[in-house]
Amino acid sequence: MLLNFFFPKEFDFFNLFEQQVDYAVQSARKFKDIAATPGLIEESSYQAITHLEHQGDDATHTVIAQLNKTFITPFDREDIYDLTKQLDDITDMINTMVGRIKVYKILGGDKHLMEFSRVIEESVLAVAKAVKGMRHKNGTGAVLEACVEINRLENVGDAMRDAMLLELFESKTAIEIIKWKEIYQDAETVLDICEDVANVVESILVKQA
Amino acid sequence: MLLNFFFPKEFDFFNLFEQQVDYAVQSARKFKDIAATPGLIEESSYQAITHLEHQGDDATHTVIAQLNKTFITPFDREDIYDLTKQLDDITDMINTMVGRIKVYKILGGDKHLMEFSRVIEESVLAVAKAVKGMRHKNGTGAVLEACVEINRLENVGDAMRDAMLLELFESKTAIEIIKWKEIYQDAETVLDICEDVANVVESILVKQA
Amino acid sequence: MLLNFFFPKEFDFFNLFEQQVDYAVQSARKFKDIAATPGLIEESSYQAITHLEHQGDDATHTVIAQLNKTFITPFDREDIYDLTKQLDDITDMINTMVGRIKVYKILGGDKHLMEFSRVIEESVLAVAKAVKGMRHKNGTGAVLEACVEINRLENVGDAMRDAMLLELFESKTAIEIIKWKEIYQDAETVLDICEDVANVVESILVKQA
């Protein structure tokens, strides 16, 4: 059919979203390892996180390039743009946080950092469930459940950060406070970005209802 | 008329904007109380600010849900989205700042904090005037005046923060500097967000001129 | 022709982009001077940076006002909006950084600051090349080359900031760390914004290909 010439076969954006979310999950897992491993971060772990961040960047560029070439999209172009950016932001933010851990010579095995890394992994796994569920017309229930869970974990993270900051300011030197305050804030930001993803996913579902 | 079936009666976005701005005004007033009350923040004041933040969130969600369902909007969808988000950001930022005051055990009665809280209240009241004035076709003059005032107060806040930082770095310990620097920055950010609202309001008026 | 009455002569957005980029280049150059001049920042240098920031603001407002009045634009309205905002952000961020230098009484002649100021100037000059090249249909090669250079310099800045932070935390007092950490971060943010410009420019070129 002639139209096929002008309108290329619909591009499968879901494949790329799933790839992006996969990099986020791998980053969150690697971060959990790093937080739990005593001593300075190993160069190989740092490289692994950086490599995932680059792969995430490539996937994001592919989505945006396709978006600029594709006439028919599975949902609003703007939502595709927001979703791909925010999925990328998860991997980016984990990479940023691990960069700080390296530069500040933060030692693994810290109880608080491990606690945060577990909540981050849970949240990113819920993001994976939400994003993968969007593909299935009758998966709306599971997607919304995952979004509720992501919101819950963001609140958990908020409270954790506040409790940790309170302790930090009462027990550490100014230099330690500067370092850890930034790490806790970065960790909480990962959870905020997961919540941003949940918000976009929910808004996409509402429009298609 | 059949069309009514497809196009529901135009939703009154202005009602919700006014509700959002009301939460912002109440938050700013409560913050002024907190800043002026000597000693640690009272739990009831903290709860009041948090409650306003939740109410603001609900109003924002309602606006966005309606936006996704409404075909005819009083002005550009994008501007409605920006306006609702930024009005919510005012209440959010005041809540964030008060959260820091609690965690850092900042004592009320501080001269600088009180000064900032008065400028914030003035700016949020000007935002209320601008937003409420948008409803009236012949209220453009008053709306623009309020926008000019919001811009003026943002500059006042900038200068205040710089003067306070200068004093801070010359008279306090590193740990005190870390705490207060963040509080002053948050306070200034409230004024920045008010300015963002003024910019959206002005751009809406320009398009309707 | 009647249509001319409704559709005013196409507004030359490129002129204004070039003006904006010019303010950014002048700001970057002035910042290089400031970084290299020993002692406290001179009031005249500070005023010059602030003046450029105001001129940049005016140019941005003109672009947005025109955008709201113009029916036919050389490329997507959203891209025009992003481009004008980000060009303004470069000048804004340099102004913010210089404001911190003044308030924190940072002395010129610092080796690291000078190093950063040179990379910033290079990056802003590449932004100028990219933006000015967009006007010419057969200048795509040079524009893309400039974008690659901007990306390279952002990576250079990242590595510089990390190396400087590492040194900072090992050799300075907490108060010095607080000051310099913010300055380095601001400097790196200028390079991030240049990269944002490169991304918008590339996406505009892709759509027109």
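Note that the chains take the letters A, B and C in the order they are written out, and that residue 1 is the start of every chain.
The criterion applied here is as follows: a contact is a pair of C-beta atoms (placed from the backbone, for glycine too) under 8 Å apart; a residue touches a chain by one contact, two chains touch by 3 or more.
The structure presented is a predicted model; accordingly, all values stated were derived computationally and were not measured.
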Which of line, ring, star, complete or other matches the graph of chains that touch? complete
Self-contact between copies chain B and chain C, residue sets same or different by half: different
Fit chain A to chain B on CA atoms, both being copies of the same sequence, and give the resulting rotation angle in degrees, nearest 5. 120
State, to the nearest whole Å, the distance from the C-alpha centre of chain B to the C-alpha centre of chain C. 28
In chain A, the residues touching two or more other chains are 174-175, 178
Taking the touch rule as given, give the residues of chain C at its contact with chain A in the complex, in rising order. 162, 165-166, 169, 174-175, 177-178, 181, 203, 206-207
Residue numbers on chain C that touch chain B, as the complex places them: 64-65, 68, 99, 102-105, 173-175, 178-179
